[in-house]
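Each of the next two complexes has subunit A plus one other chain: subunit B in the first, subunit C in the second.
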Partner chain A sequence: MEPDGATGLAAAQERRRERMETLSLSPPEELERIASLFAGCPEPVTVRAAETGLVMVRGRIAGHGAAFNLGEVLASRCVVSVEGVLGFGYTLFPDERHAYLAALCDALGGHRDYAGPVERELAALRRRRAETVSRDEAEAVGTRVEFFTMVRGDD
Partner chain B sequence: MEAVLAGIAPAFRDHPHDSQKVFRLALEAMARPARFLEADFAGLFPAPPPLDPAAAALILTLCDHDTGLYLSPSLAGAAGYFSFHTGARPCHPSEAAFAVAGDLSEAPPLDALGWGDEACPDLGATLVICCLPGGGGAVPPGMALRASGPGLGTPLEFAGHGLTEAFVGERELMRACYPQGVDVFLTGGSLICALPRTTALERSRQGGRGRMRVAAKAGGGQGGRGSAGEHRRSGQGGEGECT
Partner chain C sequence: MYVAVKGGARAIERAHGLLALKRRGPEEVPELGLAQIRSQLRLAVSRVMAEGSLYAPDLAALAVKQAWGDLVEAVFLLRAARTSFPSFGYSEPLDTAAMRVARRISGTWKDLPGGQILGPTFDYTHRLLDPALAGGGGGRAADRGHPEGGPGAAAGRHAVPAPSAGREGGAAGSAGIRAYPGSGRAEPEAPPPGAVPRAALILEREGILETEEDTGREPADLTQGAPSFPAGRDLRLQGLARADEGFLLSLAYSTQRGFGSSHPFVADLRVGLVKVEFTPPELGFPVTLGEIELTECETVNQFGGGSGAPARFTRGYGLAFGNNERKALSMAMVERALRSELGELRKGPAQDEEFVLGHCDNVEASGFVSHVKLPHYVDFQAELGLLRDIRAAASRGGAGGSRARGDASGGSAPPGPPAGGSHPGGHSPAKEG
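Here is the complex of A and B:
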């Protein structure tokens, strides 16, 4: 553990958050490939079998203000254990195989023997995703419409 | 974070169907009090020790994030397992919808549990006592008891494994407050037996020791598809059944 317990925990949580985000947003074929790289690892145990259900998405106007219920979306989740290390996988939209693979990769990423190689694979996925996002944003910016409101200067 | 969550054992492999099977069995047990029903709970999932497979299956089936769950001291280590799989929150016996005890000596007294109130007697707690001898192998005789009440056409002699005079007395006092009260499940390995609040217990007049009679084999495990129905049919065909 890092000298400063609280900071160390926060950093670990941040890494975990990034890992779960990457796994959730990456194409399942990529996770399938990563999982196949670790085929020789100890047999994973399914702790909570993949299941699909409804999740209420809540929002806040402009990111602040009171939360309101936006609507329900289908989501899948799964929990896998590799030698006692639990991995959690969540996906927006129903895809139980994807949830299982995300949970498996999360567990491997938390396992001290596999954390390094998994992190390298995930870093590559993150780079690719960042490129896609910035390309999409560049395309979208050309279609932006600016709205202006005329204010009456009565006072 | 990993360290805190490490080592949670799996629950039902096929949660919707497995929990429906167990729920059907629990209904059957409540409808036919003081009879021992058998099912392969251990085949459904590997219950982490010291949990009894039948009790674990009942709790995984019946509890959710709205139910308070009390675990007796010897089972307290399983609190994380149940809160992970069901969301049930650990609580004091008086607030528990379900209480599980490793044996009768650990069980909270019946009057320490919620009995519901006059408007809502359904809020009474359910007590699960892991006191049956597990099914299979040599079965030690239990305290000879006689059960009567709804679901029992004529009084039924049965073996009250792990039960005591004091427990029978407590239940008699509780029955005076009907419809308020506590429903009891006795479990062990592959066996469950229900003592709903309507069932009256007394010392068997025949004396001697009770003999365990497993009413019927019911569903459970992979091969148990649709067996709850078969079980009901086989129950009508004798085996000392009271109708």
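Here is the complex of A and C:
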């Protein structure tokens, strides 16, 4: 835990959220590669075996009003521990390996000995995603349209 | 009364074997892969996920393949698959304003914050069959959105300069809405646009559109029990989100033709990726599971208000899994038509929520309609017996056939055996009258 109380806790939680998001949004092959970099680390213990289940996705009425249930997604989850440091994997789709790898990388990222190198790997993944995002956006923006209304000749 | 039949196991097994064979087709034609279905029949996969009420592109692609292209059958397969998974709980409500839009258009404003992005669309195509596509060549250049033609366009693809937005006056600015970053000048390195504000905000801020509050109420869930009527807007939206597209399309059309008109304008129609967040109980804060593709449509419709309240626009809402534009638009129109809370005169079936929600699910509808093709031998024998009795009684009485026909269909007790109880099925409304 962070020494400086509530703000430190909030900052730590935010870092955790970011780490978990990067892990869930990255291709499993990338996590496989990161995990292999830490193959010499203490053996991870599976606390809760990976499993796939349903999450009911909620929308909001008119996009911003009260919640409603839209439909379900398949998600996978897993909890592992590296020397007592727990790591949580929550990923979309029925891919239990992805959930396991995300949990493992989360645990390593929270472990004082490995946090630095894991964070460097995650930063690279974030850059890669930013490239994807801007490429998608450029594709879309290329089809931006300018409509104009015709003025009738007879005024 | 349903009477079981037995036997036929060998024939059924052979029929299923034949189905597998026919589904595969000639061996010299390459077999479809799931990746091909996912990417090249993407709208089919979208439809199956929306109506199957399960966002799982791989499973949906498999369902399309297994169902031999029958999308309603594929929806059924996906619904059945869903039942084999445990439930983790409910997501945080989606933030569709933060959608990474691939397409975003408005029928109400030509200049609006976030701009109009056509994206990959069939709109403005000429609907001419493209022989070039038949040959595996990828189709007409114009239909691929590369007006200059050829794959050379791909080189510049990652740095497509945005056409100048040329926003005169900045109606957006005056409404206090954040302008779309990068809308002024083309900048390939511009940061991602982030949130694209909802177009209806413009009207909402002016106070001439009904507002929608987050009441914080726990929404009803169709998957946890049968719906009760009158349904809330939450339950209606859930039902419509998984409803058959064709049914919704026709109902939406019926409202336009006068059966419950509420003249819609499309304020905002968008397709893109949205993050799904889930709060694991053991963590207590929301984490991102991943991104899903969604289509969202908001309509602005004719007026509500009255009894002291000033007149204002009303709204309809549609949201669907995947790239499902026709569905989301139809959904928004039907959703608006169903809003009995606005006190409108009920003039059409699209305004009857029990009718709409009770018949919009194609798994239920297909199941009940299709069951009549299964063996009903005992039911039918009973009907046959009844008809023979009626005819025999009529000829004994010497009254001629016309009365007997009238009796049989008219509902009054026919001569001979009483009608009540003589139809063993008991599920035919015509016989219960």
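Convention: the second predicted complex is superposed on the first by the 136 of 155 C-alpha atoms of A that agree within 3 Å, B and C clash if a C-alpha of one lies under 4 Å from a C-alpha of the other, contacts with A are read in each partner's own complex, and residues count from 1 in each chain.
FYI, a residue touches a chain if its C-beta (ideal position, glycine included) is under 8 Å from a C-beta of that chain, and two chains touch if they have at least 3 such contacts.
All of these numbers come straight from a predicted model, not from anything done at the bench.
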| item | value |
| --- | --- |
| Simultaneous placement of subunit C and subunit B on subunit A, clash or fit | fit |
| Which of subunit B and subunit C A:Glu51 touches, first, second, both or neither | both |
| Touching partner for A:Ser81 - first (subunit B), second (subunit C), both, neither | first |
| Touching partner for A:Ala123 - first (subunit B), second (subunit C), both, neither | neither |
| Which superposed partner A:Thr91 touches (first subunit B, second subunit C, both, neither) | second |
| Computed vertex angle (subunit A) for partners subunit B and subunit C, CA, steps of 10° | 90 |
| Contacts of A:Arg60 with subunit B and subunit C, given as first, second, both or neither | second |
| Touched partner set for A:Gln13, first subunit B, second subunit C, both or neither | both |
| Which superposed partner A:Gly142 touches (first subunit B, second subunit C, both, neither) | second |
| Of subunit C and subunit B, partner touching more subunit A residues | C |
| First (subunit B), second (subunit C), both or neither touched by A:Leu37 | neither |
| Partner chain(s) touched by A:Gly110 [first = subunit B, second = subunit C, both, neither] | first |
| Overlay on chain A, subunit C to subunit B nearest C-alpha distance, Å | 6 |
| Touching both subunit C and subunit B, counted on subunit A across the two superposed complexes | 13, 16, 51, 79 |
| Residues of subunit C touching subunit A in the complex | 49-50, 53-59, 82, 85-94, 96-97, 100-103, 105, 110, 115-120, 145, 157-163, 165-166, 182, 188-189, 192-193, 198, 200, 212-223, 233-235, 237-238, 241-242, 273, 275-276, 278, 280, 282-283, 285-292, 296, 298, 315, 317, 319, 321 |
| Complex contact set, residues of subunit B against subunit A | 1-2, 5-15, 84-85 |
| Residues of subunit A touching subunit B in the complex | 9, 12-13, 16, 45-49, 51, 79, 81, 84-86, 110 |
| In the complex with subunit C, residue positions of subunit A that touch it | 13, 16-17, 20-21, 24-25, 51-75, 77, 79, 88, 90-94, 130, 133-149 |
